[in-house]
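Both complexes shown next keep chain A, but they swap its partner, so chain B is in the first and chain C is in the second.
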Partner chain A sequence: MIDIAPTIATSSSKSYGWFDLAMRHRVLLASIFVLIFPFVMPFTALAVNILIYGLYALGFNLLFGYLGLLSFGHAALFGTGAYLCGIAIVHFGLPWYAAIAVGVLSALVMATLIGSLAIRTRGIYFAMVTMALAQCVYYLFYQAVDWTGGENGLRGINVRTINLFGLQFDFINPLVRYYVVASFVILAFFVLSRILASPFGAVIEAVRENEARARASGYNVIATRLITFVLSGGFCGLAGALSALHLSIVPIESLHYETSGTAVMMTLLGGMGTFFGPFVGAAVFLLLENLVSLWTVHWQLIVGAVFVVCVLFFPEGIWGTILKRIKP
Partner chain B sequence: MSGLSFDLIALQLFTGLALGAIYVLFAIGLSLIFGMLTVVNFAHGAFYMVGAYAGLFLVSMGGNFWICLVAVPLLVGTFGMIVERFLVRPLYGRGIDYPLLLTFGLSYIMVELIRIAFGTSGYPFDTPELLQGAVDIGVGYFPLYRLFVIGATAVVLIGLWLFLERTSFGLIIRAGARDPQIVRVLGVDVSKVWLIVFGIGTAIAGFAGLLAAPLQGVIPEMGATILAEAFVVTVVGGMGSIGGAVLAGLLVGVVVSMSSLFAPEMAKVSIFALMAIVLLIRPQGFFGRAGLMS
Partner chain C sequence: MTASAASPIILRTTGVSKMFGNFVALNNISAEFERGVITSIIGPNGAGKSTYFNVLSGAFRPTTGKVEFEGRDVSNLSQHRFAHLGIAKSFQITNIFPHLTVHENVRVALQALVSRYDIWRARSTLPGLTERADELLALVGLKDRRARRARDLAHGEQRALEIGMALAADPRLLLLDEPTAGMSPEETRIMMDLIVRLAGERTVILVEHKMKLVMGISHRVLVLHHGELLAQGTPAEVRQNEQVKRVYLGQREH
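Entry: the complex of A and B
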């Protein structure tokens, strides 16, 4: 384990500009944005989707943006969270909060399994191994028809009311649904921010910047990678579990290769290694998908082209570029 | 087990080799490009798919399969060179992830363009007349086309080997894979070599797609499935090693066909289990050098 806390370099300048102030209160600002977000969206269901995929990309970004490991298998974590949450409700009749916990825990277990195999390889292998293992998970769930519904997906996840401390909320109401999901997302913002601000968060970035130096400084690079992968899996599993509740069905596509790719695209579009970037990326991706779908079914062409342009000319992503511009 | 005679197993072995031959072709292109350019080509499956569709198109225009065998690799290879020149080249030196991400985005575009041009549903691809039927190979009758796939793969491999080992350009390629900087110092235009290597790699992918078309039919998504399986081949064989790609490709093909004989429900998962075992015992693969790609 990591037992030596690195000293985090503190800015010596006395005057904190508004930019630093905003950076310090990123969780608060992001939360406020999430709370007013549904009122600027064309319809609430889309806003819920953006929240869920934003959370998914947020978890992916912890691994890709902050640790520098490119995974092409995060669908396995998202899908495991979604399926196990759904199975807990459909087959075991668990209440919604327990089902979410089951989803997150099983995603953590899945991340430990995939992670401990994949981190045995280094560099560019990682993307290939994670993709191949995710494909394996896809086939396993596909074939367990009795539990997962196979090709048709897992149906019948009906959560109509949410009970909390004696209060009853109507989960069918889109706005209520939005704020239920939003409360989990805000919690995730807080947890992620705590992880990044902790000594362990500094180690994560140290490993990304210079693996050899981090190792020479006495940090356990392998353990850091595995723990980050598992934490990332927890966020993605939560996103998956919420999507199961939101859609009332878990389609087999949630384990598909394209779902893994979606996380990569959203994170890069928004800005990897930035706190709020993945959320921006998810919003842009899904808005683009919705808008383009209005006039052509071939929205992937436009999304793919935007992504390629982003890789070529804006590698910092939309949010990353904005941050760079407005930084005083 | 009754009914599982030696002949049946031997036949299934040949089926596995034919399947493995496709994996081999796919994976050596991937390996060649990676070994030289350190680019993991996520669009490799898309080039494979385009090869199958190019064959479909040429046949529908009145061409025959034998013309396709020459024309398809040329077309796909040329397209690959255009991609390298204008899209991949600006990204050299910007980190290993960027070319990967670019080719990933490109594969979306290619698949969608094919869907626009040919529709979302698949097409059957007729086996050329001359290669229909089966021949007796001693242990039973075996489809002639599958034998042809094995033979064509062998021809491509021998041609590639002669090209890399016996020509001066092949020498430059091998040297460039070792140390591009020294090659550049010696006055070789490395970027031109990379362009050609990318062209060869994608041409072989297109050829593999064409060979696979009569076996599996043609659909826009055919590339994504084989990409994941080819990554298994690459991990098992060792990245950047052509010999490793050949051996691992055949092995994966045989594992798939044998598991579909003995445990059909495990056929899809078996190769990933194989990969997991190799990762646990020898993370760098059969022929990979430890720490090469870190």
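Entry: the complex of A and C
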């Protein structure tokens, strides 16, 4: 299914074509793209949204595309990151960077909890168990009105200025906001690339390719799955935390199963198991949503049609298909 | 080497039974496997060979009885621990990492011994793995296939690759489940040569359906029938055994 092997060249092949060269510098290329991205977008707020959802899909893809486990509960990780970041600011008055750290750490804890319960199941059962657990998290946050605002969402996350090394940045300015979020996304690109190129990245590939063989070789498949789930949760939690800062509110919908489905759609649209695919998927999804909804309220119909066409005719996703075509 | 490692018996099963519901797949099998020789487990279809193999390799836990490797009870050990103890296996059905290259297949098998949870350093900096993988590929005769996708190899080559991966853990005990299943006569001959070569340095236990094939290379043979140990001994002894003759005569030797 995944033909674009995410493998960093480990064999000592001597001749690197431009394609391999680009693959080896994917973090740099993706970062450059992110830096010029707001100037090709119709408006900057949309670009920020694409960054945040791209990051969310990127984290989801680590589990789904690279390890081959379909979770239908990633909203719980995104939402936990968002809510805990928001709570840290609203209820405890923490500075923005500490609030982001709180968001990411809580998502890691939540991923460990959900992961430990779900990780022994596979396939459709894993999807169902993660979804059920995510619904539990939804109701937990929904009921804790004093902390989360219940169905109104958590309001009042007002971060107006970003202080960094004695410098003050105006977070209300859309472009400043974009580059603050972008710096976290670039950091995430770097971390993800390190993980994929690490020895553990090889274990992830091995488990995806053949669990029985991986086990016979001496790898603990369950532990590998759980660690990957938690790492995936970290990226999604960061995306959630950034979304809380961006929107100044955490809507209860961020924990809704529709948010889980969004990650699946964006990843499939862009190309599962590719480094940049989830980002492309998020961009296409949100662009369609924003542009089509300008002339019809039935934008979901169009997005749905594009999704179906993609899955039917480009099973490797938009980015996956492009990679396959340009590969020499 | 510890005292137990020097003992002539590398693997011992004591009263091993395996039930699937009410079905008795293995009934009270006690056997000892000598170090440094090739032992073959044979028997007709449904004799319990594969079940026994799966108990020996840790894929199944015995319902009763115990399995000891070098004096240590391994009956209830998780399967991924076996590779670290020095037991490696190949599967009856080809079991490789299909989308990785031949070299990456062996390399990732080698890596299991040195790094399993490191998420930060570059995997290419792990010392010695690339070279060791090339050595193993040379040993199993796949050196010129190293950059190919594993799934693009011929069947016989995939089986050889699997053995290369099993050897990655530098096992003292190598368990092979029907290593020549589905092979052409030429591929079978190459595989048999390879097994004999490997047995020089390590203990090999082999499950095989085709009796004729293993008689020539085995030092000891165990015959299973209906989940019970029917006979054991040297190939000559087993060939003379009246019960074995009766079991195999009914369906002719393959």
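The rule we apply is simple: the second predicted complex is superposed on the first by the 316 of 328 C-alpha atoms of A that agree within 3 Å, B and C clash if a C-alpha of one lies under 4 Å from a C-alpha of the other, contacts with A are read in each partner's own complex, and residues count from 1 in each chain.
Operating definition for what follows: a contact is a pair of C-beta atoms (placed from the backbone, for glycine too) under 8 Å apart; a residue touches a chain by one contact, two chains touch by 3 or more.
Keep in mind that this is a model prediction, so the values were computed, not measured.
Applying the stated contact rule after C-alpha superposition, one finds that A:Ile195 touches chain C and leaves chain B untouched. Of the two partner chains placed by the overlay, only chain B lies in contact with A:Gln300; chain C stays clear of it. In the superposition on chain A, A:Val221 makes contact with chain C only, not with chain B. In the superposed pair of complexes, A:Leu231 makes contact with chain C only, with no contact to chain B. Looking at the shared chain after the overlay, A:Ala206 reaches chain C, while chain B stays out of its contact range. Comparing which residues of chain A touch chain B with which touch chain C, the overlap is empty.
Remark: chain B residues 34, 38, 40, 87, 90-91, 94, 96-98, 100-102, 104-109, 111-113, 115-116, 224, 227-229, 231-232, 234-235, 239, 265, 268-269, 272-273, 275-276, 279-280, 283-284, 291, 293-294 touch chain A in the complex.
Those residues of chain A that touch chain C in the shared complex are 2-3, 5, 7-13, 194-195, 197-203, 205-206, 209-210, 212-213, 215-221, 223-224, 227, 231. The residues of chain A lying in touch with chain B in their complex are 70, 117-118, 120-125, 127-129, 131-133, 135-136, 139-140, 143, 257-258, 261, 264-265, 268, 298, 300-301, 303-305, 307-308, 311-312, 315.
Looking at the complex, you find that chain C touches chain A at residues 57, 78-84, 88-89, 91, 95-101, 103-104, 107-109, 111-124, 126, 130, 146-147, 165-166, 168-169.
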